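Across the two complexes that follow, chain A remains constant while its partner is chain B and subsequently chain C.
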Partner chain A sequence: MASTALRYNPNNKLINDDSDSLTESREISIMQINKLSTAIISESNPNFTPQLNDEHSKMIKSLFESGLAMLKQKKMPEALKNITLAVDMAQRSRAPYEAFGIQLQEIQFMLRHKIDLSLLTGRFLDALQDIEFLMNTGMAQSDVYIRKSDALLKLSQFEQAKICCERGLALHPNEVKLKALYLEINRRLADYNGDI
Partner chain B sequence: MADNSTFEEGFNNTYTDYSSFNGTFNGTYSNNTNGTFTGAEEKVETIPISFYTPIVYAVILIVSLMIFSRRYKANRIRKLAEQPEIFDEHDAKELYFELQGLSTTEKIHEKVLKAALLNRGAEAIRRTLKLKELAPQIELMYKNGSVGEDYWERFQAETKFVEVEFRETIQEAENLQPGWPKLFATLCQEICFNQALSRRYQSILKRKEVCIEEWDLKINSDGTLTK
Partner chain C sequence: MALNYDYDETNETWPFFLLTVLLMIIVPLTISQFYKIFIKKDEEEQLTKEEFKKNVLSKLNDKYTSSDIKDFRKKFDNKKQSNIFCWKNLIIIGGWILVAFLIQRISSNDAIIDSAKGIFDPYEILGVSGSASERDIKSAYRKLSVKFHPDKLPKDLSEQEKNSMEETFVQITKAYEALTDEAVRENFLKYGHPDGPQSTSHGIALPSFLIDSTSSLILVIFYISSFVLLLPYFVSKWWNKTKLYTRNNLHIKTAGSFVSRLVNYKPSQIATVDLIIEWLSHAEEFKIFYPNLTPKDFETLLQDHIHNRDSKINGKDANEMKYRIVAKCHTLLHGFLEVCCGFRNLEMAIVCMDTFKCIVQGIPLTKDSQIFQLPNVNEEILKNGSVDEIHTLGKLFTFSDNEIGKILGIKDEDRLQETLTVASNIPQIKLLKADFVVPGEEYVTPQSTPYISIKVLMRSAKQKSIPVDKFPNEMLQESDDFEDLKNPFASMEKEPLMPTSFAPRFPTNRRNTWCCLIALQKDIKILQTPYRLERLSLNNLSKNLDKRTVKELGDDFNPEDWEIGFIKLPLGQQAPAELGSIHMRVVIKSTDYFGADLDLSMAMNVREPPKIDELKDDIYNDNDSDVNDSDDDDLEDDSGSESEYTDIDTDTEAEEEEEK
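Now for the complex of A and B:
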């Protein structure tokens, strides 16, 4: 136990560990405690409940809606920027004890829009990472598989795209778009291997 | 007649032998059963036993069983303690105790201690959930013989440790703020899930770097692919 390495800053009420042997899990734990401390200190109610903070909700909503407004004006990069900011704010400003169910729905909804915009603006790697996040949080709808296969195809990762498409078809065997994408991936893979 | 007498003599002799045999048989029989019993009963010597003898016997028996049980338990606990744990780090718990230790030498905001305790409780919940997720598979593997007795015992011990750990955090919550444990468990659960979400979100950037390196991608500053 590296008890001597832990430091407490009485000014900002944060803890840190500047030892050389700091492990990744300990670093994550320190970050989590600091985030919790900041959230609890700003909370005046000692018996705080997992309710959502209305102020944060309003700010996130206004940023997201401004992104959608940009999208209607066909200003894709600006729309993407605003929605990205809204997603970041949802992750940074919300207290860790606020209701998880609502936070999850909120972030999934915003990320779906962000993914579409990333794919439209050619940011396939960003889109792929966001899709991975959606899948890690339990989303397994056909459109997630379609977008992931598409992003992998655009990144020329044909084998990965084929695996993803097959997995999507296993879960949604009647999805026409996935079937069409599967044929396209096979054609591109054959082309890449010199079979055509 | 002579023949007859010889026969009679012989017969009588034989008969006499038989009667002697019968007599012997009966005698032996009597000796083996009633005769012997009656004879032994007469010879029994009564040894005076103290009233406390059975009590002393029972006490010795119980005490020896208790000593055996205590030693057996201590041995089992020692063996369990020597086994490697399933979770190899306890950062959340250690950080809480380190902060508590620091609070004896310098003034630490009470809410920082609360935050460390909430983090510890959330970690205990995360571990409980992980073990519950794993339980059916490990049970199946144990029944199939894929994992040994040692691992099965480790798994069961770990489940109990995690339960004890969460109970301890609730007790600490009561010490920090009386009446808080009612809310504490709910808060820990929300924190546990939100932290999991946050970790996944933060891993996006790292994963992106790995993809760029592994797939040898050329990415522009705006995130688009270089043509």
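Now for the complex of A and C:
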């Protein structure tokens, strides 16, 4: 790193880089450092242990539950909105040092609901993004693959759907739903390629 | 040790020495050059001529190539092809002239002839052949001695004649002794002379005129310059070259930048063609071509190429620069693919291959890239006009020719036909069968060395899809010839080379290659370096099986008419020691065409080797059930065994470079 334009602002305790050589990855790194330092500075208890912030947990939980309540009343868009808010909050408001294992479980649980709702309301692209996020957190259950293949199928990305479905089948060879989906994808793919 | 060296005063040795050295260099050089000029050229010409006859794509490729690119090709081809007056030929001609001169000198040098006379050959003196028996030798000796014996000489000879006669008689006697008397014979065999060792002189085979005071300075300078200046210069040049470029001909700095980008690559970043182009534009190769331009310029040039725009840099026409840069991308992308495989990053490798296609065809990656790679397509009409979802060549061919003309916006009948020819000649791969094969085994056994065997049908998008079950099983069997068992990959070498691709926007003529990547399904990580498939018969593409006229495959369908392509991919690792199945994803991506890829999932089922001995079977029968149980455990416990498999270090140049 040749540039020396990295500057520390003693007033707000943040670093910034205003040189020309600022790359995207550098910017992301700076943002992450800043986020962590703000979170630590704002912590009032100096001997804190990395536990979950109860206040945040409560808010997230209540938002999520209100979403589920909406779902029961069949108000899909509202339910999706609340759950999305809950997920966003879990991602944003939590300090980076809070216990990661619990955070991860929480977010995985909520994301799965969000994905289902997105698929139900026809927001396949959003769903796909969330599924990929979920997969990156290490989820490899068969239902994740089913949902991803389904979303890709709905988006007419048949080749991708086939690849995803094959991978799901490789990891879960006995999943009936995936097998059915695989047949469907192959049929649609043949049509897409004009082979029927 | 003598302090005074003898030099070649009479010029009898050094011409031979020089002649030997010269011939050692010139003869092989001449032969290789002859081969290159006459035989290889003929072959190449024939190959391209045949290709033009056979392959319509090559012809159309030529037709649709713009004159700009043709000029560029000529300019850069000429450099290589003017081989009549190249330095190699000059060396050969000069060398032969020198040889002729030396031979002339040797034959006219009396000293050499004299010394050749001095050689003692008893057979010649006696006038018998080398294989003559003792009796023959004796009779020849008797005859000659009668003639030359000093007592029997005629009286009227002069003194001089007498002396020479006497000498001849001595020679004859010596020769006879050399062939009959044991002691003399030994002398002759050992020293080449019946009298024992002759006087020999050791010297340096340098002509004396080089050692004379004036020219000795030149000689010294020559020695010094060759050992102190020239030798180190050439060695360092060679060494720098090998050190500067990796095995894939990638500049070491470029490879380093690829590696550092992949190290810093965040999963949150999305790999796209644009990203790869940005990475490519930092290549050192481009900087060597055009030191004044910045990576930003190179990126613009590459993007111009993909979006089919004319390039201008600082208001000047930059098309030639663009072509040079684009042509270099071939090496860069192959190198980058290798680096991706070193990092085992399948996603990146796939995007790399997509970028390859974009650059070769000169079109951006969109849903309709398959259609846009055809010539004459009107972008506006295709985007606005179509009612149905038509994104693939296969779908396009479900419509009649006229309708296709309307869909693609081609009014001219000839042009439409050319477009259709291109479309129907782009190869597509249909998977027939894929297995893991261990030569000489029925199935994959623990720790065996399997290879991947994929049987495919190369077909045209125009042809009706032929179901796999139309092909009898025998056609899809692995050959069990001894030769094939010994080297299963040899049969792939016999396939014909891929014809010239239809890529009129690419600055050089090129042939399609399929890059085969193998990854684990578990973590979609690449297992080994890519395998490049350059030979595969495309004869099927010309078969007439139009999907618009043939609705059903009737009884007249003969599977024997179709050629089945065998793709055999070596696996870099052994099968694991544990039983169970391992799922792999095989991605076969074309470098040149959109829609010519294959992506499949395969399971390697590792099973217990068959029992050889009945008796053994009986003894272990009780345990057998246990083995079966553990089999099942293994199946469930798959993840454990797989992870071990994953941990095997894949060879990676990239990692090595990283360490450097």
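The rule we apply is simple: the second predicted complex is superposed on the first by the 184 of 196 C-alpha atoms of A that agree within 3 Å, B and C clash if a C-alpha of one lies under 4 Å from a C-alpha of the other, contacts with A are read in each partner's own complex, and residues count from 1 in each chain.
One rule holds in what follows: contacts are C-beta pairs under 8 Å (C-beta built on N, C-alpha and C of every residue); 3 or more make two chains touch, one makes a residue touch a chain.
Fair warning: this is a prediction, and the values are worked out from it, not measured in the lab.
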Chain C versus chain B, contacts on chain A by residue: B
Partner chain(s) touched by A:Ser25 [first = chain B, second = chain C, both, neither]: both
Contacts of A:Asp126 with chain B and chain C, given as first, second, both or neither: first
Chain B versus chain C as contact partner of A:Phe100, first or second or both or neither: first
Which superposed partner A:Ser37 touches (first chain B, second chain C, both, neither): first
Chain B versus chain C as contact partner of A:Glu184, first or second or both or neither: neither
Which of chain B and chain C A:Glu78 touches, first, second, both or neither: neither
Intersection of chain A interface sets (partners chain B, chain C): 25, 28, 136
Chain A-facing residues of chain C, complex: 264, 266-269, 389, 391-392, 394-398, 461, 465, 521-522, 524, 547, 583, 585, 599-601, 603
Interface residues, chain B side, partner chain A - complex: 89, 91-92, 94-95, 97-99, 101-102, 106-109, 111-112, 114-116, 118-119, 122-123, 177, 180, 183, 186-187, 189-191, 193-195, 197-201, 204, 207-208, 211-212, 215, 217, 219, 222-225
Of all residues in chain A, those that touch chain C in their complex: 24-25, 28, 136, 156, 159, 162-163, 166-167, 169-171, 190, 192-195
In the complex with chain B, residue positions of chain A that touch it: 1, 3, 6, 8, 10, 13, 15, 23, 25-26, 28-30, 32-34, 36-37, 39-41, 46-50, 77, 91, 94, 96-100, 103-104, 107, 118, 121-126, 128-130, 132-133, 136-137, 154-155, 157
